[in-house]
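Before anything else, here is the set of structures, which you'll find just below.
Presented sequentially are two complexes of chain A, the first with chain B as partner and the second with chain C.
Showing the complex of A and B:
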């Protein structure tokens, strides 16, 4: 296996609405910035891969327009996944194993403001038996949170504490959407959106775009002083039907973390893609992340949640703390599907 | 690369206008089980799954791989979803091959599907996009001007398109899985209604329901079958939509993608060193256009190969022995069907549409406005 590292990361600040921008205009600033940080241009990039979904803009082939945000001339080696940009990073990592190229550009964009996201996500459910029930993403997450309470694994106060800590962490993050000091007691006074979920236990819905440059071995060492090496990366899925899963656990995260090489050694920090507060508790338990691990120093998806980029941003936030020398070993995680069905985990390390 | 990759199992559904007898999970499972049986494997043998389909709006399920995980026995495994427009079936197979060549996994199930009867693809392809003129024309309306441009440039014989349609439909009669089984004469094709000049009704592809699956394996496992198809070259190439320097009639991305796979496979002269090809031809005129784009003919000469019958089974360079996209078009699967049919040829399992002694074959897919390309070269020799 070749050594692959994250060498740069760029994101647009996550906000409620990024007005009047098409796909190319979302993609161009972040891809250019990520390449400029390491003094590369598109001509130096061996492979380009992106992640997005057609159901946000509500039109087929929306990623095609994003290619026009790149200098795709002469024609580039390029691919696209209908998943979060973190999975595009996975495809790029696989491509770099081939051995003929040494650099890759990964990007994703999510303009969540164009439609009612919780209702759109119902379209991920079984179209024959579940979609007609109108199981929006907040209601599905509420079933999972209630299962946590019923199993005695967490209380509403635990959810509130996760939310408060996440948004406090985000105070130092200029790209976060919701940040500040929030009172746990006041959160617990909020009305339910979908019991037991209150507004503060749910993520904001944000617009954003993000990009990452990957490089191999000595090429990475030449581009930056301290590359964030991907020591292991793996993803696993679970049964789709909610009734076939124990929603209070995440065996796919356990397996992916194990196969990514988490092992017995702890990590300094973990960036977990847990849009709902209770999901952080599930993921921490599934991956055995103790109190010594700094969870979501960026604020995580509870502070900024642009669909299709929130996962790639976890990778970028984890890597940037290694690139800067602030952390030695970090875990980056991305989830996909209803109630954490599908999970991707990577272990990042400095030299 | 770290590992060699071989195709050791291939399965596909019977393609039809509407497979009302199968749900979407049933459709993908049918193809996957056939591929597993062909590879002498069970679900348990599979390390990883790579799935492709065209826009989710064709079926109305967002990221359907999440739902299809259950039908594909994916729990506990990685399942990965690729979407690169019409080339998706090809790009999906390329990602699967790279998982093996990169040493990440040893046995990968890759599949692609489309159930077009769930929606109307022509209109799903023509949405009203803010600040852009609405095409309201489907793919045919988009490609017709490119074909007219080709005819003018190459001074091509006007009957070329009809010749391709007749040939591909004759090939399709040899393929029991093909959607269209049409014993059409040249006069019938030429007499069919003109849709988008110069594209006649009988010069277009159908809308199909169907799925195709392949089992790819590393060298260690390739010995499970006696006739693996070795993957000798893979590439994906993309060019922009809006760029004044583009030549959509003879796209640079197609030429470059072909050069990538020929270089990797050590092919200098595709006409001499490749035995047959399955190429994405959704409208008949794309055969002569791609013959030139892929280097099988000099520029302006592709139509002559077609008119001389060189692309028939038994000809100098058989193209689309299975009947191709002209007979079967489950959009998201059409690219992988080309890749799989190329592999069948070099495995010697193409039955009635087998090219005698085929050893090296090209699989090709394209999508978008002739801007996304995916190709592979497969060989009976390691």
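Showing the complex of A and C:
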């Protein structure tokens, strides 16, 4: 196994609407910035991989258009996943294991403001049994949240406390979308969208883009003083049908965290991709993250939720704290699918 | 900065999907209001059926018919449905474990109000009127109440007896008849077979006037099964002049906050041509306007 590190990270501030941006306009600022931070150009990059979904802009093959934000002449090695950019990072990590290249550029973009996100995400559901019913993403998450309450694992107040803490953490994050001191009691007065989920227990819908540069071994050490080494990375998926899982647990997160090496030593912080407040509680339990772990110092997806980008931003936020020397060991997590079906976990470390 | 252009844009795919032998059979059965599950290799039943179980094992080609009922495993109430939702009125999403199945089905529950929803509740399937061989051939599920209608209907002939017959015949003529035991002297309205204080027959009839004292009363404000009047209304105990027991009737013709114990009241009769052998010949009692009776004068009748 080769040692791979995150050496730079760039993101656009998550906001409700980024105007005047086609794919190339979203991608160009973050990819060029991530490369400039380590004095690289596209010519120095061995492999480029992106994560996005065409259903957000409603434009087939929008991921191909995104390549226009890169210098792609002479032709580059390029790939794409119809998933969060964090899964593109996983593909790039695998590609770096081949041994023939030392650098990779990973990026993702989420222009969530163009369409009806809760309805678009129904397209993730089973097309025979669920899609025709119109199960939106908030209602699907609500079924999971109610199951948490019924199992005695959490209360609505617990959900509100996760949301309040996340948005308080985000005060220090210039790129967060929703931040500030919010009252738990006031949140509990909000009307239900789909019970037991109230507006504050749900993520904002944000526009953003992000990019990360990966480098191998000594190449990474030459580019930055303190690379954020990916000590372990693993992803696991569960059954698709909601009716065939225990929604209050996340065995895929447990296994992915174990395989990524979490068990060996605790982490200083964890950046969890839990768009809905109750999902953070599930993930913490599944991965055994105790009170000593700083959860989502950036504010997490409850503070900024650009679809297909929020996961890659978790990797960037965790890595930034290692690159800066503020943290020694961190966990980065991304989920995919309905109700945490699929989970990716990495353990990052400084030297 | 130049102005950003914007326009509406609709994305549609008019795809069709092949269903295959497992999903296809399930959906086809729905057209005939038949709910089926498929057996897994280890003998469990999946509804909705899948080609593979969660362990990746192929399911068998054995289908079993299931009762169209189940149990709610988790749910979410939607107070304001979205455009694509199955109802345009408040409803619940739920994961429903069909009776006899191992897994659960996502569907809607038409419960009317959130209060009726509970994990563990029993629901029954409601079929759609029109079927198209899709999951929406199941219109929704609805709460199953643990009650069954249990009406009783028996037909009797009522015989009011000698004394009550005398009372009812009196009413038919606009008279109020009481019964008296000559030895004790107490007058019972309506008359009864015996004076309960002496045990003697009260076979002496006396007519009492339709005027008396309201000794106590209540204002009915809540509705109940079989109620004939719309609340609020007042019901009172009236000791007619010369009687020693009260009759009970409506008190009307006076604001409720002016009704009081000791108030003098008089019967308001129906038109005479409507009289029958019934106390309903009196519509209600209303104040006479006389001074109130003193408490001491009726306290023994309370």
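Rule of thumb we're sticking to: the second predicted complex is superposed on the first by the 350 of 351 C-alpha atoms of A that agree within 3 Å, B and C clash if a C-alpha of one lies under 4 Å from a C-alpha of the other, contacts with A are read in each partner's own complex, and residues count from 1 in each chain.
FYI, contacts are C-beta pairs under 8 Å (C-beta built on N, C-alpha and C of every residue); 3 or more make two chains touch, one makes a residue touch a chain.
If you're wondering where the values come from, they're calculated on a predicted model, not measured in any experiment.
**Student:** Tell me the contact category for A:94 with respect to chain B and chain C: first, second, both or neither.
**Tutor:** After superposition on chain A, A:94 lies in contact with chain B alone.
**Student:** Under the stated touch criterion, which partner chain does A:77 make contact with: chain B (first), chain C (second), both, or neither?
**Tutor:** first
**Student:** Just to be sure I read the superposition right, which of the two partners does A:325 touch: chain B = first, chain C = second, or both, or neither?
**Tutor:** A:325 contacts neither chain B nor chain C.
**Student:** For A:143 in the superposed arrangement: first (chain B), second (chain C), both or neither?
**Tutor:** second
**Student:** Tell me which of chain B and chain C touches more residues of chain A.
**Tutor:** On the superposition, B touches more of the residues of chain A.
**Student:** Look at A:135 in the shared chain and tell me whether it touches chain B only, chain C only, both, or neither; answer first, second, both or neither.
**Tutor:** second
**Student:** Given the touch rule stated above, what does A:172 touch, chain B (first), chain C (second), both, or neither?
**Tutor:** Touch status of A:172: no partner.
**Student:** In the superposed arrangement, does A:241 touch chain B (first), chain C (second), both or neither?
**Tutor:** A:241: touches chain B and chain C.
**Student:** Based on the superposed arrangement, let me know which partner A:263 touches: chain B (first), chain C (second), both, or neither?
**Tutor:** After superposition on chain A, A:263 lies in contact with neither partner.
**Student:** Just chain B (first), just chain C (second), both, or neither: which does A:127 touch?
**Tutor:** Touch partners of A:127: chain B and chain C.
**Student:** For chain A, which residues lie in the overlap of the chain B contacts and the chain C contacts?
**Tutor:** 55, 58, 125, 127-128, 238-239, 241, 244
**Student:** Which chain A residues qualify as touching chain C in the complex?
**Tutor:** Residues of chain A touching chain C: 19-20, 55, 58, 115, 118-119, 122, 125, 127-130, 132-136, 139-140, 142-147, 150, 191-197, 238-239, 241-245, 247.
**Student:** What residues of chain B sit close enough to touch chain A in their complex?
**Tutor:** 1-2, 23-24, 54-63, 66-70, 74-85, 91, 94-95, 98-99, 101-104, 124-125, 127, 129, 131, 235-243, 245, 251-253, 256-257, 260, 368, 371-373
**Student:** State the interface residues of chain C toward chain A in the complex, per the touch definition above.
**Tutor:** For this pair, the touching residues of chain C are 4, 9, 11, 17, 19, 23, 27, 46, 48, 50, 53-54, 73-80, 82-86, 93-95, 97, 103-108, 114, 119, 134-136.
**Student:** Sort out for me which residues of chain A touch chain B in the complex.
**Tutor:** Spelled out, the residues of chain A in touch with chain B are 1, 22, 48, 53-55, 58-61, 63-65, 67-68, 70, 72-83, 87, 90-91, 94-100, 120-121, 123-128, 234-241, 244, 251-252, 255, 336-338, 341-342.
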